[in-house]
Structures are given as C-alpha cells and as structure tokens.
C-alpha cells in the first residue's frame, strides 16, 4: 500500500426488496487507493447487493457513497463507469457477436478525424492492451470464437482499461485455471501499484490470502468488520463469515461426518460407460449405487452439470452407453429419464427450476403429473395433499400451498423444487448446486435431507462447487477435469487435499 | 357473504362478465329498452342480443384457440388467412371447381376445409416448435401466403354458391337459437373439458411461464406447442366456414380480414396475460362477446367502422400497459411523487 | 477453427443471396425474350426503391432482436396523409417533412412502450399497425390522387443511361432511387462507423451485457424503432412518387416482404447479426420474383407465396447453420 488515501467510502447503506427482504442494513465499506480489498460473506450476505448499489444497478434506500471525497449517486452502470467504477462479473457480460477489439472498446471507441469509428486504431489498441495480459488473440474475430476463460480475461482487460479508479472483480476466477488465475493476480498487483483500488469478491479463501490487503466481512446483510488480511487467521475469518465460533462450527462439521456414516452402498443403479456428449463430456465412466451419495466435483466447465444433463436426457448421448438398473437405455427427453425414476434439480433455479407464476402446489405436482401423463390428472385435492405433506416434511416456510413460488425466498424455492422431485419417488436424485444462494441454516437442512434420503436407499448425485459440502455429504467423490473424469476418492481418502490434488491435475 | 363476493371478484372471468353486462345495460338505456327486446318469428328468436351471440360466434371460437397460443407466450396472426383458405376450399368443393369427383358434397367440403385448417395449424406449430421461429414471424408467413393460397384456390375470383345445407352453418336455427351458438358451445365446451379434465391446462400455464423449466420438469414442450397451434388452425377453419356461409360464398380478399386483432383483443380483455402464463378460455369467450358488442354499439351510435379499429388498437395497448408491472411501478412512483408534492404544499 | 469461420452465418447467407440473385436473373434471361437488359436490372431499383428503404429501416430493429410489423401501415398512412394535405392545398415542402416527423413520432412511441414498459414488440407494433391502418380510412376510404408538381416531377424525373446502341443496353433510373442510395450509404455508415450503430449490434448480441458495459440501451433500442418508422415514412414518400396517389389499403402485409428482404440478406431474426447491404439484395431478389411472375403471366399472389416460401427456406438454413456452428464450437473447445 503506497498511499493511504481514502478512495471510496460507503456509509450506512441500506437496501430492501419489497417489505420482507432486507438485503443490506446499515453497511459500511472503505477502499483505499492502491489496495486490493476482499469483500467476503456467505451466499445471501449482501455482497452482490452492495456491489449493485455501488455500480448503479440497484438504487440504495439509505446511505452515502463518496468517491475521492465527492458524494456520488450512480443510477446506471454507465454513470458508475463515468465516475470511475468499473466491474467484471462472474458470468461474462460481453457481446459474443462482436469482435474482441470491439468488446473492449465499445462505447469509447477511437474515432477518426471525421468522427467515425477508427477500426484500425481500435484493433491496434486492443492488440497492445491484450499483450499486457499475455493474450495473443485475433482481435478482429468475434468473441464467441474463444473459450469462456479467454472471454473473462477480455472482460478484465476492458474493465481495467476504462479510466477506472475502482475496479470490482465479482467472482471472476470461477472459470479460470490455476495458470490463468496467477496471471490475473499479476495484473491485479500491477494495477494496485498504479494506484487503483480493487474490490475482490471470491469464495476461494486461498486467493484471499494470496492477493488481498484487507478483508471486509458481511453477514445476513449486516456489516461484521474490516480486517487486515495478515492479521486475521483463516479459521477466525470463516467463523466471522458463518457467524458461529470455531468450536461450534467444528462440532457441526463433526456431526456431518457421522451422519454420512448412515448411508450404505447398495446395488448399482445407473452406470455410464464411456459416455460422450460432443462438446460437454468425453468418455465418462461413472456409476451410482442405491443408497449412496456420490459427489461430483470439478471446476466450472469441467463437465459437472453437463454429466447430469446427459443422465437426465437433456443432452443426448453421442457415444458410449447408459445403463439404468442394468438395462441399456436411450434418453431423448427429460420425461424419458423421469419415467426411469430419475430426478434432477438444476443449477439455475430461476430459469430451469421454478415456474414463477404458478402456485407452490402446481410447482410440486408438475413433475409427478408429467410422469403420470396428460390424461391421468392429479386432482386439486390430491395435489393439495402432496403439497401439504412436503411443506411439512421439508419445513417450507409459507402460509399455504396457494402462494406463488416466486414470492418465496431462495431456500424455500429450492425446497419446493426438491419436493417436486421427491413427489415422483425417484430412485436417483441429482442435485446441481442445491444450496447455492441459500442461507446457512437451510443449507444444513438440505444437506441433512440428502443424507437421510440416501439412508432410506435412494441414490443421490451431489454436485457442488463448495468442496466442504461435498466432503460432508459424500463417501465417494468423482473429480472431473476438462470434460473428463480425472479421478475418484472413496472412504478414508475423502478429504480436501485429495480432491484438490486431482482437480489441479497432477499430470501436467 | 362478503367473502363469497370477494372470492367471486377474484375469478378471472368476473370483470369481463361485469363489463359485458355494463355494455348491455348501456345499450339498453341508450335504445330505451329496444336492445333487450327479443321477438319470436317462426319459432326463432330474433333481437340485438341474439345478433351479438350469432355474429360473435366466429370471434368466440377464434378467441378460445388464441387464448392457448397467447398463454404460451406466442401469437397466431394467421387466423384470418386460415379462415379465407377454409372458405375458399369449402366453396370451391361445393361449386365443383375443386375435386369435382365429390359432386359438391357439403359434408366433404366441410371436412376438407377443417383438414386444411389443421394442416395450416400444424405448419405454424412446426415452424414455432421445431424450427424455433418467433411465433409472430412464423404465423405472418401464413398470414400473407395463406391469403395468396386462398386466391390461388379460387383463381382470384369471388365464388358464390347456392346450398341451403351450407347456409345453415351460419343462418340455421335449432330450438329457436342460431346454429353458430351451438358450434361455439360444442367446440369451446370440448376444449374446456379437455383443459380442465386433463393436465393440459397446467402444462400450458407452465410452458407459458417458463418453457425451459417446464422441459426440465418432464413436459414435452414441442408437442404441446404443436398441438395448440393446430387447435388454433382448426378453430380458425371452422370460423372461416361460418363466415363464408354467412356471405354465401368465398371472398378471399376480405374473409377474416383483420380479425386477428379482434381475437387478441378478446383474450386481453378476458384478462389472460399476453406475455404468457395464466389463462382462462371462458374469460376470453366473454372477451369476444365484449368486442362484438362494442362493435355493434359503436356502429349503432353512428361512428364509422374505421374508428373502431383505431379504438381497438388503443384498447390493446391500454390493457397491456395495465398488465405491465413496469408500468404499474412507474405509475405508482408518479402518483406517490404527486402526493408528496401535494403534502409539501 | 477454420471450419468455424467458413460457416459464419453472415458470409454464407450473403454469398447465397447474391448467387441466388444471379441464378434467377440468368433463369429469366434464358427463358424470356427481352428479359436480359439494362432496363430490367434498373427497374428492379425503380420498382422496389420503397421496399428497400423500408427493409433497411426494419433491419435495424431486427438486429436489436426486436420486430416491427407496423411499417406497411406507416407507409400507407404517410401516403394517405400527404395526398390528403396536398389535396387541401398544403405545399409539398411542408407535407413531406411533416410526414417524416410523423414517422419519427410513431417510432418513438412504439419504442418507448417496448423498452420502458417491457411490452412485447409484436403486440405493440401490431396495435400500431391497426391504429395507422384505421387512421388511413378515417382520413379517406378512397384512393386520393396526387397532382402536386413536385411529386409529379419526382415521379417522372429520371436519368437515361445508355451503355450502347442496342436496346438492351439502355435503361433509366428515376430520381427517387437516389434517395434509396443515400439511405443505404447513411445506414452502412451508421451501422459500421458510429457508436449508435455498434450499440445496435451489441444489444442484439446480449441486451444485458450491453447494459452492463455502460451502453445506453434505452436510446439505442428506441432509436432503432425510430429509424424503422422513419424509413417507413420515407418509403411512404417514395411510394407516393411512384404511384402518385395515397390509398389506405396499399401495401397490406408488406412487413413480410421487408422482413424477408432482411432475412434473405443474412439478418438473423434472433438478433445480433445483419447487414443493410444484404437487405437491399434481398429486396432485389423479391423484385426479380415479381418480374418473373409478371413475365409468366401468373396471378400476382404467386409472388407472395413464393416470397413466403423463400423466407421459410432461409430461416431453416440459418437454423441449420447455427446448430452446426454450435456443434463445431463444442468440438473445437473439446479439442483445445
């Protein structure tokens, strides 16, 4: 940290959505010039809302934001960019149909004397900028020619090149390989030395300790504190994020460990033999037994969700064989999979899971109805009975089953989706990031439900980017890398180091 | 009692029915009771109200089909052209210009016309569900080409036919009531039974809200899309038969012209969200009656027909705005702002 | 990676379109006497200038991923409006600018409804279509002839082009075709060389990204609808030059022709890809279909049916290319 000048201060920020949901309550945040500042918290802590307030995506209800001593009130990302705040998001927010150079310079392209866009100068500038990032691309090619990781680097190049004083990196590393992350860190450090203030949001604690100067922790929309990274031990950081002291935390973890022991592995239910779906998974060998919780681990894009999609008939097998209960099958639609007693809670709850404008009852009955077919209608009474049963069983917090699912909180929505699938009485339940964006309490509940289901003899495929969670629930974890199975750990070997080792890829 | 009433007013059909009654009341007052008068001649009921039901028959049928299309977030603007095709085929067959081997059989003419409608619907459905063309473009292809096809069937001429059996479709009476009303009751009733007694309604709403999630929940979205466009096409062909029986011939230039707007308006008035999702076929049918009675009323007031179309276009936008949450939000903000200003003063 | 580039939708469509044009022209030349001539070629411009202008306008909206089915009514309305005003003694130098301003207002209202209130483009422009058709009839049910000297001058004024003594090498271009040329040049410049034009493509690629990259989405989207309606109004002016009359039922269903021109010329209905040059070529293909139908002495409805068929064909081809490109990309990614 070169100069200790306050670049950005946020004070007393509050934001609520509707009456019920308080996303931020009197939160403060401070950023100095030439500093990398980690913004941490569990899902739902309010990190993303705070960033949205700062970048003008959401309007704050209360509070002040000062940039270099001047009060600012950005109402759009454009305004935020103009005062010097630029952002890189977890999902690449660029236009795939435009060229690489244009994606970097759109909105501020170099002009000729006549005022027209100067494509040659733009290409040249882009080339030079990207060279700083060690990227050698054909900048005139459209962006969709390149991998997600490259696209993310282009986004970072864009953000850093805008006359930015504050650079926000919102989980930019989830799609990057180790090498690329290192490159990113070099760039971050260089930008820091140039006096830029960087806000870094991530859920990889290693990265926090590797690159940040200070840490601000949020929890449930409240400000917990700001600490110097070097002064804050890792365990303490975790306990601050979760809001339980370490001893308690350790206990819950222990309990999870023992719960897991309840599951017993039975006969193989599903097996993939050398299965390929062009462009998403290659030569996958995988089997899941009844009564087992199988973890599927790997980085984003490693083929985790893609494997589940193939198993559920969303993507078709283009090579290899799929067997269910020892019988060769061909699944061409999710319905085929459902009729074979498979169930799948997809990763994107909002776009692939919930039917927002329908009631909880209809949402729960939907898959069962599809399984039964068009003509065997589930009467309203039956549907109500099923819905009531699961509302009670899964402790879904709602006054009644008539509520629209879109009005529920994320965790409760997830439970409704879970109920939808449990109602079909599946033999294999596939869960893709079932606890993402869900508060810690509900998270533990869902984990417990999963283990209980397996103990009753259900096969479960558990996909999560949070390794802790998989370690807690699974006795066997398959690790994927680059769309292929990279390895597998079982029993005693199920621990963080072993999985990480395979994930990082010992061979290369 | 009160709760019963409030529950009733929550029903999607409540406001459409109220509006319809209000229009009838308005007309009754305007005409000094003339409007409600029903006379019986030869055992047939005659009167303005009866006319609305008879003339609104086509629209009620179209609105029923259109409701489901709109519920999935799509649209079908080809219904007018399908009506023209259906009329053209039926009249050409009866006249013997087309397939003279059938000897002008009215039954065969009707069957062929409906088959053509089904084919048109299948084509639309195929473009939307399999080729994934936006519904507006997919159905616009048939909107334009369909009228051309109808022209090609009739060789560009207006066909007039003489067939009492065929006239009966529009002008006939059973038990004193006009025949089109029975067609409406039969088709809409069949559809309502299908929608309520099977899971079809639930699936459609689900597809309309979130097609991707619906697929993931095991609903074969493509097949249902194909089905609803087919139903819409089939219904349009029946409407085309009623219209062509009404004018006792086939006029490919004017048959069903602009009726797609009326159908969409009817569905909008019925309270179905045009963005897709929840729908009520019954409400749309009432909506169709409202559109028909507005037309009748405005014409009776001596307003030229051209203004009616302008009025309907504005009405659609107003109804859409009232359904738009964005609009409600900004309207609410504006009102709140005004109130604050007033308070400050 | 190379295969991927070869399959770029733009290139395939445009090459295919130009090839198709040539094939049809050759077909006509072989089949009919007198077809192969400069005047046949130039008449494609003379007869379709209004369609090309309208097509260029709608291309902007299509690139943003929207749709505008109100343009034929805008053309008819400006025609009737101008004819009516001229008939009542308003001078042409007032009438034409007012007609163009009406176009801008129509576009601004439709665009605002679509952008700010998130109404579906097809509903809004469908309502707009009916509104303006209705207004046409409100003004006049019958066709109103135009006798204004300036309009007459524009209708008759032409440039003779002689490339040789043979009759086939003679032809003429009407002045109003120059309006089309100007529109095309401006549109090419705007789309390629201005921030607004690039934002149009960006929104078509991903509206959310465009918003997050700090582009002014509202201005761009509404701007695209304004351009579409403005071009339609201008097409209305040109169409009045062409027909010297204003008639409310003119050009029914011409949206499909304009959209077909764009799609045949390589514009993707899903947005993000398209070129106004392609649209112009697409419109010329329709012109040639029209010419062939006339030469064959067929019912004019054949034109409509053929164009609809062609539109279907091109959309299907686009789909197939898109699906294959996706698959190839997957393969490329797997290989990487």
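Points to keep in mind about this one:
We call the chains A, B and C, going by the order they appear; numbering starts again at 1 in every chain.
The rule is short, and it goes like this: a residue touches a chain if its C-beta (ideal position, glycine included) is under 8 Å from a C-beta of that chain, and two chains touch if they have at least 3 such contacts.
Keep in mind it's a predicted model, so treat the numbers as computed, not measured.
Seen from the Cα centre of chain C, the chain whose own Cα centre is farthest off is A. Of the two interfaces, A-B and B-C, the higher number of touching C-beta pairs belongs to B-C. If you average the CA atoms of chain A and of chain B, the two centres end up 45 Å from each other.
Inter-chain centre distance (chain B to chain C, centres taken as mean C-alpha positions): 31 Å. Residue positions of chain A with contacts to 2 or more other chains are absent. Looking at the complex, you find that chain C touches chain A at residues 1, 4-5, 189, 192-195, 198-199, 201-202, 204-206, 208-216, 272-273, 326-327, 329-331, 333-334, 336. The touching residues of chain A, when paired with chain C in their complex, are 57, 76-78, 80-82, 87, 89, 92-98, 102, 106-107, 109, 116-117, 141, 144-145, 147, 158, 278-280, 282, 483.
Residues 197-200, 202-203, 205-206, 209-210, 212-220, 277-278 of chain B are the ones touching chain A in the complex. Taken together, the chain C residues at the contact with chain B in this complex read 67, 69, 113, 116-120, 122-124, 126-131, 133-138, 141, 253, 255-256, 259, 269, 299, 301-305, 307-309, 311-312, 315-316, 319.
Within the complex, the chain A residues that touch chain B are 312, 314, 333-335, 337-338, 344, 346, 351-358, 362, 365-367, 369-378, 420.
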